[in-house]
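First comes the structure, then the notes that go with it.
Order of writing sets the chain letters: A, B, C and D. Residues in each chain are counted from 1.
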Amino acid sequence: MNTLRHPRVPELIVQRWFNTPQPITLASLRGKVVVIESFQMLCPGCVTHGLPQASRVYATFPPDKVAVIGLHTVFEHHAVMTPQALEVFLSEYRIPFPVGVDMPSSTGDIPETMRAYAMRGTPTLTLIDQHGYLRQQYFGKVDDLALGAEIGALLGESQSVLREEMGATGCSEGQCEL
Amino acid sequence: MNTLRHPRVPELIVQRWFNTPQPITLASLRGKVVVIESFQMLCPGCVTHGLPQASRVYATFPPDKVAVIGLHTVFEHHAVMTPQALEVFLSEYRIPFPVGVDMPSSTGDIPETMRAYAMRGTPTLTLIDQHGYLRQQYFGKVDDLALGAEIGALLGESQSVLREEMGATGCSEGQCEL
Amino acid sequence: MNTLRHPRVPELIVQRWFNTPQPITLASLRGKVVVIESFQMLCPGCVTHGLPQASRVYATFPPDKVAVIGLHTVFEHHAVMTPQALEVFLSEYRIPFPVGVDMPSSTGDIPETMRAYAMRGTPTLTLIDQHGYLRQQYFGKVDDLALGAEIGALLGESQSVLREEMGATGCSEGQCEL
Amino acid sequence: MNTLRHPRVPELIVQRWFNTPQPITLASLRGKVVVIESFQMLCPGCVTHGLPQASRVYATFPPDKVAVIGLHTVFEHHAVMTPQALEVFLSEYRIPFPVGVDMPSSTGDIPETMRAYAMRGTPTLTLIDQHGYLRQQYFGKVDDLALGAEIGALLGESQSVLREEMGATGCSEGQCEL
């Protein structure tokens, strides 16, 4: 890996955290692949695609290998997507991973981390390697197969990268056992 | 990678090929990750899950990095799942990748490659690394995210492993652009 | 139809309407089958199932035969599911039919119409016949096929009940034309 | 209902039946709404959409009100879509309703019932009313909501038309109970 080609990711600037006993820094996650799912709670593509995919990533990879973080990057309708509303949303939708509220800007609608990361909108998925470098940033929809390949490539040649042993599922789902 | 731990995959024993101008050998695919989708044309889990997933793999990764091969491993109802019937099936379902017919056994129901690979039934997905070693074999259903991770890990730290540049999809699917 | 068996549905008690130039009364809808989709904007089952189904009903049946009404029946987390937040939600999710905000109760969490209709939670789908009688009330999930049958039964033997002529779709989706 | 407008449906011409102890005639089904799902076992749209929908119809409505019949209308690739192959297909896919093999034509590719019904291809869904008149014939895909409405309209104003009491499903699927 030629790390010279990849920019170092700026630290998260977060107003408040949910689903974690203490604030999370990217610096503390060195050695793990990091997936940041940036969303707005009233963004349909985030609710339908981005957050469910982030939950699947969280369920698929072991927490000591891959960290999943949600980031509530509100850039419109600030009055109704408050941290108080987010708290209800996270509870109702049973989001299992830590979620930070991106720090509101004093000078505009776009919050601080969103601006620092040059995100184009929501949902945005940011992929950070084990050394803290930015490797991919997707705005919109990315398929599970492609995202899995990127994560797997970053994890490198590890023989058991998945949270649970995958494989045989017996005769359910219509497959035909010998 | 400790190749000592991984068995060398035996060569395919194929009666007849479809969707390829000439027979395919694993030996000729060294340097590529190989995905073998073993199926029966009247196996619901193969039609619903296995073959569509193999087609997604084929569409996602560049052909010089990942080879996708179908293998028709008929171990039951031989009289109706003939090569002639398979040819119609492949055409109707528009299967885009090469498919080989596993060589029928002279001594039993299980065809030669299926027996040599110790497959348990269909669908079975076999994952072979760039050096020809067996790395994973899944009977039944495996998720795209997990399969992508395995393929990505085998491809190694490559910066553009996907067939097409992934990423922004504009404002479709309900995401919110700035 | 033995109307004696069916209760008359009480009139809607609504604080504020969206997506309609003027308030809607059930009395004004006599002669139409009425589908009321009661929801909360932060209820996952409403967002995933109930509202999309109501939108499908709205798209399938002609507006002079079937009226679709949303009712925001907030019975928890009132502070964050305000009419102001609902307005953003309806816009982001592009809900096409009229939506009323159920009148908050002065004595408890359950709003007035929700109490009067004895709803058990959200989503609830209420089906009212052309004479204003309550015919079905579903809490939770109801399949399209079953819901369609109920609506069709209420519409009676009409030969063209659907908004658009259904039928031939050519050779897309894998069907095989002669 | 103005039955003068609807053609009487010709009787089925069937070579062989599966999933029924004795041959079925339309004449014997007077008093029931009849749904005929015409398909070919190697037609992707039939396998993906038509047959699963027919199975849902079969599961939703009581058998004394709605009869579901499959019809194997082979008009191409006759050599591989034989009754013997169909028998395996029906077993593997666990099709629960009676299926007849449309009688091959002595003069062409299109079988007898398919020709008599003027079907354009597969899948085709034919809807017959309780008096034996043709009410709808769909080539291709029809939505559950629209199909349900047509069936419900034919069933007329019956207060419990569904096989099982629909309704409350508790708190699963994300809905919020009081």
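The rule is short, and it goes like this: a contact is a pair of C-beta atoms (placed from the backbone, for glycine too) under 8 Å apart; a residue touches a chain by one contact, two chains touch by 3 or more.
The shown structure was predicted, so the numbers you read here are calculated from the model rather than taken from an experiment.
Common neighbours of chain B and chain C (chains touching each): A, D.
Using the mean of the Cα atoms as each chain's centre, the chain most removed from chain B is C. In whole angstrom, the spacing between the mean C-alpha positions of chain A and chain B is 30.
Spacing of chain A relative to chain D, judged by their CA centroids, is 46 angstrom.
Separation between the centroids of chain B and chain D, computed from CA atoms only, is 35 Å.
For chain B, residues that reach two or more other chains under the stated contact definition are 43-44, 92, 174, 176. Those residues of chain B that touch chain D in the shared complex are 42-44, 47, 77, 79-82, 84-85, 88-89, 92-93.
The touching residues of chain C, counted against chain D in their complex, run 1, 5, 40, 43-46, 48-50, 53, 56-57, 60-61, 75-76, 110, 119-123, 136-159, 161-162, 166-178.
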